[in-house]
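First subunit A sits with subunit B, and in the next complex the same chain sits with subunit C.
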Partner chain A sequence: MTGGRTKHKWWRVYVNGYDLSGYSRNIGPLGLVYDEADLTADMGDTVKGYLRNHPQVSPGTLNAVFDNTGTTGLHALAQSVAGTSRNVLVAIGMRAAPMEGDPCFGGSFYQSGYQIAEDGGAVTSTIPFTGWAADAESLKYAMPFGQLLHPNVARTSATGVNIQAGWDNPTKDATAKGGYFMYQVLASNAAGVTATLSVDHGISAAHVDMGALAGATSGSIVCVPGVSGIVSIGNAVPVKQFMRWQIAFGTATSVTWVAAFFRNY
Partner chain B sequence: MTLAITTVCTSIAAVSVSGVKICDLDNIPPSGTRVTPILFPDPANPLSNFTPEVESYGGGSSRLLDVDYDLNYVYIHCEVGAGRTGLDYLEGCVLNVQAIYDAILSIDVFSGGVDIMPTSNIQIITMADPSGKNYLGCALTFHVKEFWR
Partner chain C sequence: MALTPGRTVTKWIRFVVDDYLGAPREIPIDSLGPVGWTYDETEVTAWQDACKSYLVNHPDVSIDITGPLDMTGLTALAASGAAPTLSGSWTVLAPISAPTFTTPLGLWIGFGMRNYWTAAQDQAWGIVAPSSTSGYQCSKFVIEGEKYSARFILYPGSVPAWGTAIIT
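For the complex of A and B:
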C-alpha cells in the first residue's frame, strides 16, 4: 500500500467474477450520498437546517469499449440486463497495480441498462448501475469504501495458506462495527474444484497475531470464473486493527481471485 | 516530491529494446560512429512543452502540482546510404522504432514519473548525430506526466 495520489490507469474493475479492467474507460462517480431531511422551523430558524437521511450507494456508470469476446467479454457479460444483481468491485491502485491494503469501492448493484454507441470513432458500451440491490446479502452498511484484501493474483496449493504479515487500516485502530467481505474468483486450475476464501485479523501485523475473523468467509465454494459473493458480519462485531487474506484449498490447486473487506467505522 | 526529469530519463535508458542501445542524459555519445542503432536524448533540445498544472489550493510547497513535458530523443539506425542499395536498412530502422514505441507503451510503473506516452509522428529521415554526421533515423518524443508536489 503506497500513500499519495494516483491516476486512473491503475484502477481495476471486477464484476461478478470477471476482470473488466481491459475494457473499462471509466467508472463512477463511486458514490455514498445521503438524502437531506429538511428540518427547518420556518417561524424560528434564520437559515434552513438539515439532517442526513438515508444514504444512496452506487458505482455510477461504467463506460467501456465494446467487445464481443465470448464468455468473458464485456458484451457477453452485460448484454442481458435481466437476472441477478452484479457484485461490483473497483480497486484503486496507488501509482501501481492495486495491491493489498489499497482503497476500493464495492457492493451489490443492479445493472439498470446497456447501451452501445459511437464515440469519436470508437464503439463504446455504457452500463449504468442502480443503488445497492434491495435483495442483496446486506443492507446493513453505508460504507462502500474498503480496502483491497487480495489483489488479482493466483494462489496455489503448493504455497498453501497465507503466513504473510497483515496491513493496517486508515484509522490505525480496531473497530467494533463489523463490515462485509467481497470475493471474486477469476480463474482456477479446473472446473468444479473448491476452496475457501476468508479474512484474517489481528492485534498486530505479525503472522503470530493473525486469526480468522469469524463469519467473514466464503465457505467452501466451487472456484470457476464468474463466481463472486458478499458476506456480511454483524454490525457490532469487533474487527481488529490489522487484516490479511486467507485461503484454504479444497480440491483446487490454483485459484486466481480478488477480494476486499469493507470495514464499518 | 521533487521534479525528477533526470530520473525519468534514467528510467527510459533502463528500457530494454533488443538490438538498440538507449542512452541516459549523462552518456550521450559524441558521435554515432560504431554505436548504432542507438537512441539518445536530443542534445540540442532534450526537453520541451514544460507545463505545470496547479491541482489544489495552497502556496509554496503545500499545493499539489502536476507537470507535463515532452522528452525529445534522436534515433539513428545507420549511416545514410549504408548497404548495397542505400535502402537495405530501412525496414530494420522501422522495426526498431516500432520496438521502441512498444517498449515505451508497455511501461506501467517507472521511477520519476507516473505516465509516459510516445507522441511524435514517426518520420524516417536523415538525422544528425551530435557531431553533425548524417544517419538514417528519426526524432522521437515521449510525453511525461509527473506528480511534482
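For the complex of A and C:
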C-alpha cells in the first residue's frame, strides 16, 4: 500500500472471476450517492437540514475495446448473460499495479446491457451496471469502498499458507461494524481442484498476531476461472486494525486470485 | 502575521472535514461549490403591487467539492498561519460516507488572504464545534478516473456560520 495520488492507468477491473483489465478503457463513476431527505422544521430551524436516506451504489459503466477471446474474453463473459448480477471489483493501484492495502470498489451489481459501438474507427464495448443487486449475498451493507486484500497473483501449495506481515488500515485503527469479503478466482492448476480463501486480522502487522477473521472465508471452493463470491460477516463484528489474505490448499496446487475486504465504519 | 485584507485566489483556500473519529483533516480539493447562504425566495406579489415582491425563507448551505483521489494517511491539521498538511481524500471520505456512519461532522473552509489562512483575520465558513445534533454529513462520494467528487449536507437543526476561528 502506497499513499498519495494515482493515474487511471493503474486501475484493474475484475468481474465474476475474470480479469477484464486488458480490454478495459475506463469504468465509473464509482459512486455512493445518498437520497437527501429534507427534514427542515420550518418554524423551528434557521437553516435547511437534511438526513441521508438510501444510497445508490454503482460502478457505473465499463467501457472497453471489443475483444472476442474465447472463454475469458470480454465478449464471452458479457454477451451471453447480460441481465444477470455480477461481482465487480475495481482495484485502484497507487502509481503501480494494485497491491495489498490499495483502495478498491466492489459489490454485486446487475449488468444492465451489453453494446458494441464504433468510436473513432475503433470497435468498442459498453457494459453498464445498475445499483446494488437485490439478489446479492448480502443486503446488510452498502459500503463499496474497501482495501485490496490479495492482488492478482498466483499462490502455490509449495509456498503454503500466508505467514507474511499484514497491512495497516488506512485510518490506523480497528473497527466494530463488520464488513464483507470478496474473492475472484482467475486461474488454477487444473479443473475441479479446491482451496479455501479467507481473511486474517490482527492487533499488529506481525505474523504472530494474525488470526482468522471469523466468518470471512469462502469455504472450500472449486478453483476455476469464473468463480467469485461475496461473504459478509455480522454488522457488529469487530475487525482488527491489521489485515492480510489467507489460503488453505485443498487439492489445488496453484490458484491465481484477487480479493478485497470492505470494512464497515 | 501581518493583516492582509483585500482580495485573494483559490490557492489560499483550505477545506477541512472531520474524519470518522471526529478529528479535523484537511483534504485536497480542486473545485468548491458556492459557500454560504442560499435562500429560498418566496414570491408574495399582489396584483396591486408596483413590482414583484419576495420574502426569503430558509437558506440552503450544502457544499460540493471535487479533488484528486489521494490515499495519503491521516495527518494532523496545520495550525493557523501555517502551510496546509493534507490527509488523503480517500482516507477521510470513504469512512464518513459509509451508510452506518451517522455522526454529524465538523466542516470548515478557510479563505486565506494571499497567504496561509490566519485565525482572527481571515474568513472561514462552517461548523467548528460539531455535536451529536450539529454538523454536516457526507451525502456523496464518487470516484471517476483520478478524481473524486463529494457533497456535504447540513444535519437538521444545525446552523453554520461565518467567522475567523479555526476548526478544532
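Things worth noting here:
FYI, the second predicted complex is superposed on the first by the 252 of 265 C-alpha atoms of A that agree within 3 Å, B and C clash if a C-alpha of one lies under 4 Å from a C-alpha of the other, contacts with A are read in each partner's own complex, and residues count from 1 in each chain.
Following the convention adopted for this analysis, contacts are C-beta pairs under 8 Å (C-beta built on N, C-alpha and C of every residue); 3 or more make two chains touch, one makes a residue touch a chain.
This structure is a prediction, so every number in the text was calculated from the model and none was measured.
After overlaying the two complexes on the shared chain, residue contacts for A:A96 are found with subunit B alone; subunit C is out of touch.
When the two complexes are superposed, the chain touching more residues of subunit A, out of subunit B and subunit C, is C. When the shared chain is aligned, no partner comes close enough to touch A:Q115: not subunit B, not subunit C. Contacts of A:T84 after superposition on the shared chain: neither subunit B nor subunit C is touched.
Of the two partner chains, subunit B and subunit C are each touched by A:R5. Of the two partner chains, neither subunit B nor subunit C is touched by A:T69. Of the two partner chains, subunit C is the only one that A:P55 touches; subunit B does not reach it.
Comparing which residues of subunit A touch subunit B with which touch subunit C, the overlap comprises 4-7. Subunit A meets subunit B in the complex at residues 4-7, 9, 95-97. Subunit A makes touch with subunit C in their complex at residues 1-8, 26, 28-34, 36, 39-42, 44-52, 55, 60, 92, 94, 102-103, 105, 141-143, 145, 170-173, 177, 235, 264-265. Per the touch definition, subunit B reaches subunit A in the complex via residues 1, 64, 108-109, 114-115, 145, 147.
Contact residues on subunit C toward subunit A in their complex (touch as defined above): 19-21, 40, 57-62, 68-74, 88, 90-91, 94-102, 137, 139-146, 149, 151, 153-160.
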